[in-house]
Every structure is written in C-alpha cells, then in structure tokens.
Amino acid sequence: MSPILFWIFTALMLGFGAATLINRNPVASALSLVVSLLGLSALFFSLDAYFIGVIQILVYAGAVMVLFLFIIMLLDLKAEQRRQLSLPVLLGGAAVTALFVTQIVLVVRSFHAGNQSFPPLASKFDDASNIGNMLFSHYNLPFQVIGVLILVASIGVVVLSKRELN
Amino acid sequence: MAYQVPRPKLNFAEKIYLPSVIAGLKITLGHLWRMLRGKTHVCMQYPEEKWDSHLPPHYRGAPTLVSDEFGRTRCVACQLCEFICPPRAIRIKPGEIPTKDKFAKVEKFPEQFQIDMIRCIYCGLCEEVCPEQAIFLKKEYAITGTSRAAMMHQKEKLIEMGGIQPGVVNKWNEKK
Amino acid sequence: MPLPWIILFTPLLSAVLIILLTQRWRNLSALISIAAVLVSLAASVVLFRTLPDSSTTFQLPWLDFRSLGFDFQIPIGITIDGLSKAMLLVVTGIGALIHIYSWGYMADDEGKSRYFAGLSLFMFSMLGIVFANNFLMMFIFWELVGVSSYILIGHWFHKPAPPAAANKAFICNRIGDFGFMLGILLVWTAAKSVDFATIQTAWPTLVAHPAFAPFATAAALCIFCGTVGKSAQFPLHVWLPDAMEGPTPVSALIHAATMVAAGVYMLARVYFVVGASPDALQVIAWIGTITAVLAALMATQQNDIKRVLAYSTLSQLGYMVMAIGVASPNGAMFHLFTHAFFKALLFLGAGAVIYACHHEQDIWRMGGLWKKQPITLLTFAAGTLALMGVYGFSGFYSKDSILIAASEHHPAIFYCGLLSAFLTAFYMTRLFVVVFFGKARTEHAAHAHEAPAVMWIPLVLLAIPAVAAGYHNVISNFLPTPVHEHSLVPCIASCVGLAGIVLGFVLYRGREKDPIYIPLLANKFYFDEIYALIVWNTQDLLARVSAFVDRWVLDTALVRGLASGTWGAGFILRFAQYGNLQGYALLFGAGVVALFYFILFFK
Amino acid sequence: MNAILEFLHSDLFFMIWTTLAKSAGLLGVVLGMVSYTVYAERRVSSLMQDRLGPNRTGFPLSLLGFGIKDWSPILGGLGQPIADAVKLLLKEDFTPAYVKKFYYWIAPALGIAAAIISLAVIPFGSSIAGVPMVIANIGIGPLFIFAISSLGVYGIVLAGWSANSKYPFLGAIRSTSQLISYELALGLSVVPLFLIIGKLNLVEIVHYQVQNGWMLLPGITAGKLPTLSQIVCWIPILISFLVFTIAMFAETNRLPFDLPEAETELVGGYHTEYSSMKFALFFLGEYTAMITGSSLIITLFLGAWHFPGIPDGSMAGWPGVLWGLVNIGVFFTKVFAFLIFFIFIRWTLPRFRYDQLMKLGWIWLFEIALVNIFLTALIVAFVH
Amino acid sequence: MVTLNDYLLVSGLLFALGFAGVLLRRNILIIFMALELMLNAANLSLVAFARFNGTNGLPNYNGQMLVFFIITVAAAEVAVGLAIIVALYRARQTTNVEDLNSLKF
C-alpha cells in the first residue's frame, strides 16, 4: 500500500480516536470511535490481514459499537456539562500520557530492526482458510475455551440486566 | 383482569409456515395470471371512460345557483344557507333592491355569493334549507382548479353551473 | 457380536430401557427384564454347548496408559473356562427362575419397574464378575453388585427396616471391599498387571523368592477381605441376616446364586494367588470354620423363617470358604453349585409359605401347612434334605467332598465341620416340623392356600437340580470334581446328620412354642451390640478430640487469628482506597510507565 | 510529460479507470434498477390485487413526433420512476425543529452507503476484454458483505434516535434488533456452502458453479450429470438456501418482516420524520439492499452470470465482448427475477408479530442453520 | 515506504490516546470506549508484527490468531461491561466516575 493511503488512514484513525475523547456528546464519541475503528481495519487491510480486518468491522463496528449506541440511547445520556477539571488530575494525566508517548517514540526509534521493509508475500494466498486451519488445529483448545467464555458472558449479561437481583 | 388470548395450537406444517406461504402465493399469483390474461374485470379507466350516465338521481355534486327560464336568480340573500353550512364555506353579501324596482317586494338580492369548494363537504344542507329553492346540488364532480382563487366559486360561476330550472318560484309569485 | 457380550449386556440393556422408558408400565418392565434374563440364559446354554472347555478370552481395549508413558493397559476382557461357564449357568438359570417367580411375588408392588430394573442391573453386575478376566474389571462389577444389592434390599424404602438393612449391607461390604482394593493394589505392585492370566504365570516365580512370602500372604489376605465382606464371613457376617428385609426373591437371588457366591467364586478364580500362601489358606480355613459353626448355632434359635435360612446360608458359605482354605477350590465350587439350587429352592419355598400366610414370617405363627401346600411341602422337603446332606440328594455329595478334603487337612476343622453338619440337620428339621406339621397356630396359617403357578413352577424346576445336581455324571459336565473313594467320612457325616434329624423331631414334634431358649444364640452372640459399642466409643473419643481441635486450634488460633490479622491489615491498607477510579488508573499507569523506564534505561 | 504518458499506459492507470468505469456502470445500472423495481413493485402488486397500477406517466412520445396513442398501455407508466424522482427532489425538504440535526442529516446517507458498498465484491459478469466484471475481487467476499451490511444498522439507529420522536425510535430499536438477530442466521446459513466449495472468494464460487453446476440446481452443467456427492450435498444446500432467503427478507425489512416500518403500528418506523430526498435515500437504500441481497443469492446459489449454453467472455475479439455483455445481461435478468419473487412474497404474506419474528429468528432459523452446518460437515467428511 | 516502526508508532499513539481517555474523561462509557481503543492499538501492533515476521510468502498467523481471540474476548467483555454499566446506572442514576466512589473506607 502506498504511504499516502497509510498516512490518510492513520490520520483518520488517530483523528477520530481523538474525537472520541474530545466530544462531549456520547453519541458523537461512539460514532467517532466507529470511524476510528474503520480506519484501523483499513490499516489491517494494508497489512494483508483481510480476514482480521473484516472481522474487525463485523464485530466492532457491526456489533460492539451498536451495543454502545444502544446503551447510550437507553440511558438517554445527554452531552456532559462543561466541568472544571481538577488540576491535579489534569496535570497528572497529561504528564503520564506525555511520558508514555515519549517513551514509545524513544523505544521505536531505537528499534532498528523495524526499519526494514516488510517481507514480500505470495501473490495469492487464502487468508480465511489459513486462519481456519490454524484455528481448528493448533488453536483448537483456546477456540473452545473462548466459546465457553462467550456462553458464560451471555448468561452473565442476562443475569445482570434483570431488574431484580435476588 | 388480564385476559389471556387463547392461541391456537399449531401443528408442524403450520409452524414452519412454508405451506401457508405457498398457499398464499397460489392465491395471489392466480389473480396475477388472470389479470395478465385479461380475465379480470378491471375498474373503470377514469378520464377516458366516465360514469356520468350512470350517476344515481340522488347524487350530490357541487352546489349551484339555479335560474328560471327567464334567466333570473332565485336567491333572496336570506343567508340561511350561510348560517347552516357546517364548514362555513358559503359567504353571501346581500344587496338592497331599489324600491322602484319591479321586484322591490323581495327587498334583497345576493350582491356577492361565494362558495369555497375547498371547504365544501357536499352535505346538501344548503339545498335542504333554502326557502326559495335557489341552491341545488348538481351532478358536477370534477371540481378542479390551479389556484385557491379558482376554487372559490363566485356568483357568476355558480349561476352558470346551475343552469335553468323551470317552474313557479315564490319570489316571483305576484299573489304572495 | 460374540455370545458373551450378548449374555453380559442384555440385562444392562433391559435395566437401561426400564429406567429410561418403561417406568410407567410396570408389567412391560417386568416382561422386558424377564425376556432379557431368558435371552442371557439361552445364550449361556448355547455358549456352554458350543465353546470348547479350554480357557478362551475375548478382549476389548479399554484403559491405555501407554500414551501417558506407562507400560500398562487394562482391557475389558472375558474369561471363558469351566469355572465361569458353570457359574454362568447357575447365575442365569437361577436368575431366570427368580425373575419369573418375582413376576408372581411382586405382582401388586408399586415399585415393580424399579424392582425389575434393579434385578437386571444385579444380573449384569454378577455376570460381569463371572466374566471378568482382570482384577480391575472384577472390582468394578464387584462394586456394582454392592450398589444393586443396596437398591434391591432397600426396595421397600418407605418402611424403617429395609433402608437400614441396605445401609448395613452396603457399609459392611465397603469394609471388605477396601481390603479387596488394597489386595488388588498389592498384586498389581508385585505382578505389574491386573490381568488374571498374566498374574497366574507371574505369581509362582514371584512366590519362589523366600522374601516374598509375607507379601504374598498379605496380598492373599487382603483379597480374602473382599470375600469376607461379600460372602459375609465371620467378622462381617452381620449384614446378611438383616438383608432379609428385602423382598424374598431378592433374598433368594443374593443368597443362592449371586452376591454371596461372588466371594467364593472370586477366591476360586484367583486361587493361584490365594493358594500360593499356606498361611493365608490357614486363616481362610479357620475363618470359614468359625463362620460355619457360629452361624449354625445362631440358626437353631431363630424364629423368622427367612432368618433361619439366612443363617444356614452363612453356615454353608463358611463351608465353602473352609473348602477353599483346605485347598479344595473345586469342592468349594461344587458346594456353591449345589447350594445355589437348593438354597434358591428353599428361599422361594419360604417365599411361597410367606405369601400363603399373608406375609407372615414367624414360624411359630404358621404350622400345619402340609395339607394346604402340597407342592411347596414336597419341594421344600427336597431342598431341606439336600441342605442336610441326606444321601441321594445333591448336598450330600458336595458337603462330603468338602469334609473329605477337611479330614485330609486338619482334624479340628473336620470336627467343626461335622458339628455344623449336625446343627444344620437339627435346625432344618426344627424349621420343617414347625412350619409344615402340627396344627395351624393362626388364622392366616389356617386359611393358607397353594401359591400360584408362576410361583410353584420355578419351585418344581429348582427341585430337580436340587436333588440331582450332585450326581457325579451330572456334575462332571460342569466341574472337574474328584471322585472320592472314601467311605468313612460319608458314613460319619450321614450318622451325624441323622442324629440331628432325630433330635429335631423329638424336640419339636407337636410343640406350640420353642421348648429351649438360649439367649446367647437367640441374640446372635451379641455381635450387633458389640459392634455398636465399639463404634459408639470410638466415635465418642474421636468427637471429643476433634471438638477440642476445632474449638481451640481451628476456631481460635486459625479463624479468629486470621480474621483479626486481616482486619488489622485491612484497617491500615484501606487508607489507600480513596474511591476515585481515575486516581487508581493514574497511579497504575504511572507505575507501568516507571517500570518500563526502569527496564529500558536502567538495566 | 513523459511521466504522465507512461502513467497513462501503465497497468495501474488501466486498473484505475476500468474500476471507475465498472463502478459507475454498476451504480448506474443498479440505481436504474432500483427505480424500476419500485415501479415493478407497484405494477405487480396492483396486478395481484386486480388493479392496473401506474399506467399513465409514459414517455412523452408525442413530443418526439410519435402520435400513436395505442402505445400508452405498453409504455404507460414507464416514466413513473422519473416522475417520482423529480417529485421527491423538488419536494420541500422539511427538517423538524426538534431533531438532532447532524445525525438527522447523516443517517440516510449511512443507510444507503452500506447497501451500495456491498455491491463492490459481487461478480456481475464474467469478463469483458480480459477485465473481470467485479469491482473488487477480494478473497473474503461474503464476509465483506456481511460486515458492510452490518454497518447499515447505524443509519437506522441514528435516524430513529435523532428524530427525537417515539415512533421512529421504536421503529429503529425494532429494526436494529431484527437486523442483528437475523444477521446470525444469515451468516451461519451460508457456511455449509463454503464447507462444500472450500473457498470464500465469490469469483471462485462462481467458477465452481460454472464447472460443477449451480449450487441449488446441480444438474445444470454442460453435458454432465450430477454426481452422487452433489446430490447428497444438495439437501444442506437447499436448507441453506431457504434459511438464507428468509433471513435476507428480514435483513431487507421486506414484508413478512417489515416490523420496523409497520405502518399500522408505528406510522412509518424510523423514517417517519423524513421527507423529500432524505426519505428517498432510505427508500433507495432499502431497494438497493434488496438488489444486493438478490445478487448475493444469485451468486451463491444460482450460478451468477452463468447459463447453460452461453459461453463466458474470455474469448478474444468481439465475440468475447458480446458474450461478456450477454453474461452481464443474464446476471441482471436473474437478479430481476429474484426481485420479482421478493415482490410476490411481499404482496402475499401478512406481517409477523414481533415475538413470532424473534422466535423464528432465534429458535428456528439460527438452530436450523447451526444443525445444517454440522450436517454438512458430516457429509463433507464422509461423502464429499 | 512504510515500515514496521511506522505501524508501531501509530499503534503506540493510539494506545496513548486511549490511555489519556481513561485518565481524563469522567463518563464511564467513554472510559470504556477508550479501553477499546487501547485494545485495538495492541491489535494493530500484533498484526504489524505478524506481517513483519511472515515466512514463505505468508504472514505469521500466530499474531493474527491472537488478534482474533482478542476481538472475541473484547466482544464478550463489552457485553458484560455494558450490562454492568446499565445495572450501575439503574442503581445510581449516573455514569460519572466521580460519583461512583462508594467503594472506599
């Protein structure tokens, strides 16, 4: 993928990621997050991870964020009032984040192996069937554990969202 | 007390819905097929075919003002119709007849007579109430216009639509 | 599908069918069960006729530990040899008759389906023991027999006594089974296998080593523990009489052909282990002898018809164990074989009597039944004579073969055997005279009538082998019994038996109540009371100790100490919990960043 | 200058302009098809109900010099879609005062965008002059379509929520839960197909069908009888087809499942507060989704552009181009036939109750699809 | 040319964004979204590494499998988390974390 597209999608992702945090209206935040995630999945496509990219859209954009929207609408959250941020929290948060960013930049700059270009790929390979083979052979146990996890989660959700907990 | 609606117990064929889907399709496609073969009696194609000759005698079309055989309006501007009209569609501005006039006995005539056909509900109360039998609901049904003004039937239009209704009328009866 | 699998799994199939599907149709359940056991019987007969006498084994792979790195595997296997074939016929044959008899006896029972499911399960378990070709499989079916006997004895669970009896039976069995399990583990440790054939070849070489002898004795005795529990030998014999609380056909099944016989069968099956240790044999012989004599003594003072028979079973089992102990497993199996028939006959006959007297079991409330129940009388008489060991009846031959073996082994054992034979004749005469002769002592007895055909036909069918099973040309088809050209022992035994019969007649003819009363015997040597006392005291002591430990060690030191320690620590630490989520997140994040810095730049 | 010329001759430029041309062509065809589907719907429904339907707004042939009045029954009404479009465009675009404006404006666009984007991976023809007739030939076509169509929910949710009115909101909630529920059945029902074919690429699925007969009609191949395994596989495919079709009806909010609109209960569902072109966008979106769904069904089950006896467009020269065009024609004919089927169903069946809808989705279709997967897995393992 | 380091940097920035969101926002729903951002940042670097460590013309699918599992677990996590938030909202009528401070001494 050309660098132009990469930077476009990166900008999209980071920009809307920031918008998620800046917007005071929760619905706007959620929608920004959707766009940010779409940008992320475009980056996945750029890394030839088509299956993961599509799953990302399907699960995150198609299901998870709809759930978020639903909850926001269900709770009828209004835009937050502009609040006075307490100074220590603001300073502390900003400082820790800044430290973290500098750290990331430093680490990445010192990682020289990562400056090579990506290895070439075969012209044609079947992403989905490779992942499927892997999933049902080598990762079979985690896969089934995940299945149980989802079952437990769905039961948990039903129990939690009952009005009266006896 | 909540009333529990008894739900019929469905058997398997009814539960999977498909047989009823097919049965329904059979009906609708049957209609379609008959229609395509021209076997169905289709409703009247309005602008080309009209129903005028079959209109029943009691058909209530647009209200009009009738004239006698000498071209005189019967209305005496008594404003009963204006009073009775449910949607207040009728506006009458009565005018005095000069005393030396031949018909001075009647005293008034409609200087302005206007029916708002956007409001009119074709109830026929005006016809019912008119003491002079001046308003009749004729069989006109295609009342159209391109502006609001065109839908305000003025006196002239009403008289023109009313046409001639022969017969002795109270108003001209010398003996009364 | 090979025949043995059909024999083994048909009863299981029937049990499963009844439990899962036909619980609501009681007669259908009974029919399924009866059909299953008849199929098993037919297959057994075919098997008996067709398969060669030599030992044949079918195997299915089952537990395989080789994938886990152990050179060890346990197949599910089937042994077919003379021993198992004979046992097979006994189990399925008597089982079939008891099934049919149950059809009549349990006709009006509410839990008929449950009962027949239990019977089928019991048949399955017992057949499994018969077929087992390794210790593990035998142990599993051994436990299954315990479970199914628990179900059957406690069949009338709404009454107070049967569940208690079932519990008692089960617990006593557990004690024996624990020893059995230890024995299996010991054998396994030594022979590195649980397979009978493998052990059989390995054991002699092992025993040849002198240092191994104590170990072999220990293994043999532990395995014998299983027999003590299951076949109700001397210290653990208390469950068997109580187990009479179950339905009478169940008693017949347990006593005659299946459960108690399992212990003896097991000893005969693993005789290569048991017989390899003379010390162990000695212990076994004496345990058997003590059981035989004690039980016979107890039987003389019982008034319940089924209990008399139960103690006589105990006594006969003592005989069989004694036979094993005097190194005559074939004699034991011979007696097991004949005993199975006449004891089943006696129990079913007793059942017919009880049924006729409206579930009255006290012999002193019966009497004069010989006119009312001629068929029962005749068949019962056949069984009684066989049990006494009267010449010409099957018991004579089998008992004599044991006594001959005992006389060759140890005179004391032989005399005890004679004593018990005398007592047997005495108490059976007492029973027979009191029940069938004299005047009717109650209304029920006076209006008794013959049992229905479904009940008396099995009696007649059983009476035939009860008489004939001992003849040499009959039994040699089934078991390799030695022909004893010995005339002295049978003569003595017959005389002793005759003495018992005469004494019984003299004492009990025409009596309205028991002329002798020996409290020690009537109360079964106070075994139950002694056990209760022991258990009581031990329990009391344990309870005191554990109460002390609980109060001072657990409660005070551990629980309260920990609690107050935790509380104190929590009191100090809770000042760190100031309730602001983001504050926590901030600290957490700062910590992570600091950690990264430390790892990346200072290390 | 040279660089530009070189670029103009490069493969990249070729790819770009062919893709653009294909997109434009497909979009034109599909949007035209949408408007005429609306017309067909009105005509067919009226024919089924013993009416005539719109037969007036014809092409003004008399202006072109044709004075033949007798053509009006044939061409009459064919101008109706144009008239509708003009009407919708010219109507007053009314925005109620209490709506949340931004979301109110963006919702219709989201609604139609999802439907149109999914068209990108559908192979609507074989190839013309070596250019494959699919806009984006990616390896996971069906997944892509499911992913994108799951984004269509946003349009509905936002429309319902931003309208700030109870009926649209109820409609949106119903619609969303319906879409999410039936997406499961939709996705699961086609898994058997992929198990049998072993590919997720739509183009390869079509090629498989060209060689082995259509999935639903394995007998249709050039001179080949269906093999035993094909016949055995046909059972799960039939189940798959039924479940997929039903779920597709629900996904496109078509009539046995048009709970979100449910005029008698919810006025107009999530687009109650919309008018003019914004309403038209929802309308277009719905019909585009229908076309996408039908195309997917045609592609997966009914052989896409293949028809026995018609060669594909791979041969050189003008016959190739011609056959390529014919293939495209076959594809759209099939799609149109399926759309007509959609219409038949819509005007035949009454609406489900909401609990029935949910029950059908979760208890029947979902389970049937799951069981069908296991069945197919067994068949594939033992027969195929 | 886009290199692995570019992806890593972008992933780190996205993570930092999510991190800042968790630290600075007051609405628990937004904090939850910020958590999702952080998860996705991790996904991005995983996929980038999977592509970078590819062999034989194929990406290294182990990394992609991990992403697959992360997405699945995240979906379950979101469902449970949102249910908890709804329960919380019912009990306290607020989604502001500063008002949810009853769990303290």
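When the chains are written out, they are named A, B, C, D and E in that same order, and each has its own residue count from 1.
Note that in this section contacts are C-beta pairs under 8 Å (C-beta built on N, C-alpha and C of every residue); 3 or more make two chains touch, one makes a residue touch a chain.
Here the structure is a predicted model, which means the values were calculated and not measured.
**Q** Within the chain touch network, how many edges lie on the shortest path between chain B and chain C?
**A** Counted as steps through touching chains, the separation is 3.
**Q** Tell me the fewest steps from chain B to chain E, where a step is a jump to a chain it touches.
**A** The fewest touching-chain steps linking chain B to chain E number 3.
**Q** Any idea which two chains share the most contacting C-beta pairs?
**A** Chains joined by the most C-beta contact pairs: A-E.
**Q** Would you identify the chain whose Cα-based centre sits farthest away from the centre of chain B?
**A** In terms of C-alpha centroids, the chain at the greatest distance from chain B is C.
**Q** How many angstrom lie between the CA centroids of chain C and chain E, rounded to a whole number?
**A** 66
**Q** What whole-number Å value describes the gap between the mean CA coordinates of chain D and chain E?
**A** That pair's centroid distance is 35 Å.
**Q** Indicate the whole-number Å distance between the mean C-alpha point of chain A and the mean C-alpha point of chain E.
**A** Inter-chain centre distance comes to 5 Å.
**Q** Could you give the separation in Å between the centres of chain C and chain D, each centre being the mean of its C-alpha atoms?
**A** The separation of the two C-alpha centroids amounts to 75 Å.
**Q** Two-or-more-chain contact residues of chain A, please, as numbers and ranges.
**A** 51, 55, 63, 89, 92-93, 96, 100, 107
**Q** Can you list every residue of chain E that touches 2 or more other chains, as numbers and ranges?
**A** 19, 23-24, 26
**Q** Would you give the residues of chain B that are in contact with at least 2 other chains, written as numbers and ranges?
**A** none
**Q** Can you name every chain pair that touches?
**A** A-C, A-D, A-E, B-D, C-E
**Q** What residues of chain B sit close enough to touch chain D in their complex?
**A** Against chain D, chain B makes touches at 16-18, 21, 24-25, 27-29, 31-32, 35-36, 40-43, 45.
**Q** Given the complex with chain D, which residues does chain A contribute to the contact?
**A** Listed in rising order, the residues of chain A that touch chain D are 27, 31, 34, 50-51, 54-55, 57-58, 61-63, 66, 69-70, 73, 126-129.
**Q** Using the touch rule from the top, collect the residues of chain D that touch chain A in their complex.
**A** These residues of chain D touch chain A: 103, 138-140, 143-144, 146-148, 150-151, 153-154, 157-158, 161, 169, 173, 176, 180, 183, 198-200.
**Q** Spell out the residues on chain E that touch chain C in their complex, using ranges where they run on.
**A** Counting only chain E, the residues touching chain C are 19, 22-24, 26, 31, 97-98, 100-105.
**Q** Along chain E, where are the residues that touch chain A in the complex?
**A** Within the complex, chain E contacts chain A at residues 1-10, 12-21, 23-27, 29-30, 32-34, 36-37, 40, 43-44, 47-48, 50-52, 54-59, 61-62, 64-65, 67-69, 71-80, 82-87, 89-90, 95.
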